[in-house]
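What follows is a set of structures for review.
What follows is a pair of complexes built around subunit A, which joins subunit B in one and subunit C in the other.
Moving on to the complex of A and B:
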């Protein structure tokens, strides 16, 4: 510790104004402040400051993501081995818990590493170029991006989407705190529209699904998308519907546990709920957004229940089941709550969250070619958030003006 | 009227003053600091070497010449400290052992009219005690306020306890109130702490409207009280002063001399024996803190840790301060401080494990605990802002210097102290109070 401090002290002059490497000062600074909370003292205003800073806040979000991360790793292995078993190649009993986990671990770690290395390189390049500090925002974005990807996404595609997200999603607006769209969702949207074949269909969600002739590795939403204009008496349809009943592959309990195919981090409701609990307890995540988005989604699903025709299972699916599949909850807990791109006023957050929930379910049900509505719904509401805030603030201004008139 | 506040926080610090008076010899040096008065341009009357009595004029306000600033003690002016652009920072007086007072002819107290009271206060240098909202500057004696507010208690960390200080001052306090109520045609409000049982001197005050304010800090801030009791609109002016100022005014009118003594609390974790002291306005803190602080690097603050001003160990008490705080200077680096569990790191959030380990009192130092960043976290200021405004939006309006937007968002209702808790809690370490001060200065210049 002392040694590290001394080394840093020794090399610091090279990076300061007169030093040979002064252009790289932001990089040095990021490294130093990563290791040590600096010895800065308050220079104006309050003489004491709370212990929390942006690094700490970001670390809390990463800790909240760990249950999803670990479960996602396990599920990646489990789904792959399940597929082998269904193809008759192996029996699922041949694998124990750690086999599933480490299989997923080795498949998923490259995604995490690529995301961080590429993303942070871009961040550092911008910081050095524009002579500002390296911001912590990417610590969370870098973890969120791989968690929203299918496991087999090619690494170069991931790298490209990361670059797009950091440059177009964030840095062109001025960096962390200035962006309009959620950078992690920007990455996902980029890859979704640029390379749709790698982001949809029934062959991408389980490792090597396109090579092994096992059961369909379709997500629950993909499956539902094929059940919107059906003949309820058709036999294949009945077998598909049965997958959503209590002993089917996409049953409520399976969706809740998360042992279904999907993006790495999104499947387990339990893991997401642990993350949500951490965010809410520490005060890092917004309860207003989470609660109102949940209620919004639930209300929309209920409305669909009421008007659903017999031929549309997507609309008549139980509302709770509806929210437990796909990335609704993951988006609700980790994406919609991003404080920079969400609404910023307390009232605005409730409106924003509610509309996120309504639109997520609306888009996924009404556009079967496009089952993952959450991503688009949140991105759309990101754009709308400043407008919501504008009207909330405007109401406060009007109230003040009214008081003035009453007094006169 | 009862006011209940739910937003805010009491930061419990180590080193609150014991309820005893310490005996310490009076300081030899005193200073009046023009920087204590926002936007004041002083015009000097005395020069170095001049002899003054207590109550003799030192300088006046260049923009409003009737506002005079007088010497709190008798002695000779030994220094006029100037800073950048020859701005006057301190007028230092070396005091005599026996203070000689300038005598003022008051006349019959019962027959004083409004203008006579104001004139006497102006001449004796008492007027600067009265400040105004908006802008938190010295009140303009030519204007007439819609109300006067007196916050009977201070809710900030380690604040002195007025119930203790005012023990036995019933007569003087009421006398002061009777005078003050005459200079304002509107109501005079005396706001008391609803969380405790205030001293009899406050409870039995007459001629004023007594309001009880419940809730955590900043319940004692006069700005918060004004907002909930009689809010300021554009064009309104409210005057405010502290209870001890009322005593100073009463003593002046009773005896016809400027007795600038007041009671302050010496507080903070770095103080060996935190106690109350009877001192004179502008005193050097040297005799008070000498031999009474713990080893190590310290920060001396006149005022409280949230809004006070940093001074040296031989610096001078601020004009509006009733407290000296001494805390640890936190200029240390912390290895992975942002990553470790932090069982001992106090935070209003629960991002550190210190919530497992909640203590009665904390020893917080002046470390920033991080670097300044752009705004990321939202909703944080709102939890500590009991005034119905949008704090972050107001700060952003100030940063872009949009005057109309600042007005619309309620800048007339606030002062820097109302944002102190926001600044304390801020994850992005934004210098909130200095931004608010800048906004107020911009508006004030625009108005004049």
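Moving on to the complex of A and C:
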């Protein structure tokens, strides 16, 4: 560390004003502040002394994501080996815990590296061009993007979606803190609509599922989408439905633990709950949004339960089970709570979260083309958030004006 | 005596192509720019249709400008444009049935293209024939080159073709794992591509950026 410090100190004059490389000062600044606590002090006005800044906040979110990350790696390997076993090629007992984990690790790390290298390069380019500091907004986005991807996504597509998300989702609005949409979801939406064959169907969620015949790597949501208009007495339908019962592949306990196919980070409810606990304990994530979104999703699922016809298993699925599959909870904890794109007022947060939950379940049940309704729902509510805030503030102003009249 | 094609005339043509572009600066005629730019061929047909309608309409209105009663001028303008559009529609149906079918209502909707009515109202009603003709030509080309540029990007990346033909190098790319970008064919991408053109134009010319 001392060596790094000395090197940075030595080359600093080149980057300062009138140095040969002064145009690249934001890049230098980013490295210096990333590695060391900067000795900058405020130049004027009052200021608050606090150890929490953007960088610390971001690091906490990264820590909260680690359980999902590690579990996702393990699950990637486990699902792959399970698939080999079900195709009769190998037995699942041939592999131990670390085999699963390291298989997933080597498959997943390229996604993380591509996401960070491409995303940070774009951020650096913009910072140098606009002569502002590189800020840490991308640290979390860069981790979220690969976690929402299927494991086999081609790297160039990932890179393209990262560029799209950073440039169109963030930099055109003015950079970190100014974006309307959540950049990580923008990336996922881009790749979802641009290359649907790589982002949906039953052959993308488990590594190289398309090369092995006769196995299904369908997500629980995809499976459910095929159970919307069914004959309850049909043989194949009954076998499909049994997969959601307590000893099936998509049972509640499997969904809760996360040993089902899906995007890398979304499967395990336990890992997400650990992340949520870290976010709530440190006060980084908003409790109001998480709770109201959970209640929103739950109440929508209950309403569907009440009106569900016999021929629609998607609607009659148990509400808790409904929320445990797909990326509902992952979106709730890590995407909807994004402090930039969510609603800002306390009341607004509750309305925003509730509608996120309601829309997520509504879209996933009624539109089989988008089984992943959470993504679309949160993006939609991101757009609506300023409107919600506006009306909350207006209502407050009205209320206080009334009080003023009474006093007169 | 004024020359036949002086500096002012040049400006009439050049301005709408660049810093007074009807789409990127005045943000008019966006609807058709978004709707028909999935294929280059459609964009070219549309451009030609608009060039014809605009130049003819501007010339006719310019000739009639001293005889049109002020209170019914919009109706007269609309009548002229509508008959010209009907003409274009019939010609396309006769000679380019495929393109006509793909463009479907959008040929008819040239009538409501804000650029045409805008130029008639703002320019042709108060200027001489030759000036009005050049102004219409410039604006139609300004509209057209944006359309063609957007359609070029969208068709190339969206379906890997140009003018309906496969692009030669793409077969190698497909083997390497390249795929066509479906989003390019969807409407949002047209908005984004137009937005990127606006961004480029504004970063080249700082005068275009409004002060807050």
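Just so it is clear, the second predicted complex is superposed on the first by the 397 of 408 C-alpha atoms of A that agree within 3 Å, B and C clash if a C-alpha of one lies under 4 Å from a C-alpha of the other, contacts with A are read in each partner's own complex, and residues count from 1 in each chain.
Here, a contact is a pair of C-beta atoms (placed from the backbone, for glycine too) under 8 Å apart; a residue touches a chain by one contact, two chains touch by 3 or more.
Source: prediction; values computed, not measured.
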| item | value |
| --- | --- |
| First, second, both or neither for A:57, with subunit B first and subunit C second | first |
| First (subunit B), second (subunit C), both or neither touched by A:198 | second |
| Which of subunit B and subunit C A:188 touches, first, second, both or neither | neither |
| First, second, both or neither for A:133, with subunit B first and subunit C second | first |
| First, second, both or neither for A:168, with subunit B first and subunit C second | second |
| A:284 touches, of subunit B and subunit C: first, second, both or neither? | first |
| First (subunit B), second (subunit C), both or neither touched by A:156 | second |
| First (subunit B), second (subunit C), both or neither touched by A:396 | first |
| Touched subunit A residues, subunit B compared with subunit C | B |
| Doubly contacted residues of subunit A, that is, touched by subunit B and again by subunit C | none |
| In the complex with subunit B, residue positions of subunit A that touch it | 1, 4-5, 33, 35-57, 59-60, 133, 135-137, 174-178, 281-284, 286, 288, 339-340, 342, 344-346, 349, 393, 396-397, 399-401, 403-404, 407 |
| List of subunit A residues in touch with subunit C within their complex | 154, 156-157, 168, 172, 190, 193-198 |
| Subunit B - residues contacting subunit A, complex | 11, 13, 231, 233-234, 236, 299, 301, 305-308, 310, 325, 327, 329-339, 342, 345-352, 354, 364-371, 373-379, 382, 388-390, 392-393, 408-410, 416, 420, 423-429, 431-434 |
| Interface residues, subunit C side, partner subunit A - complex | 177-179, 181-184, 186, 192, 195, 199 |
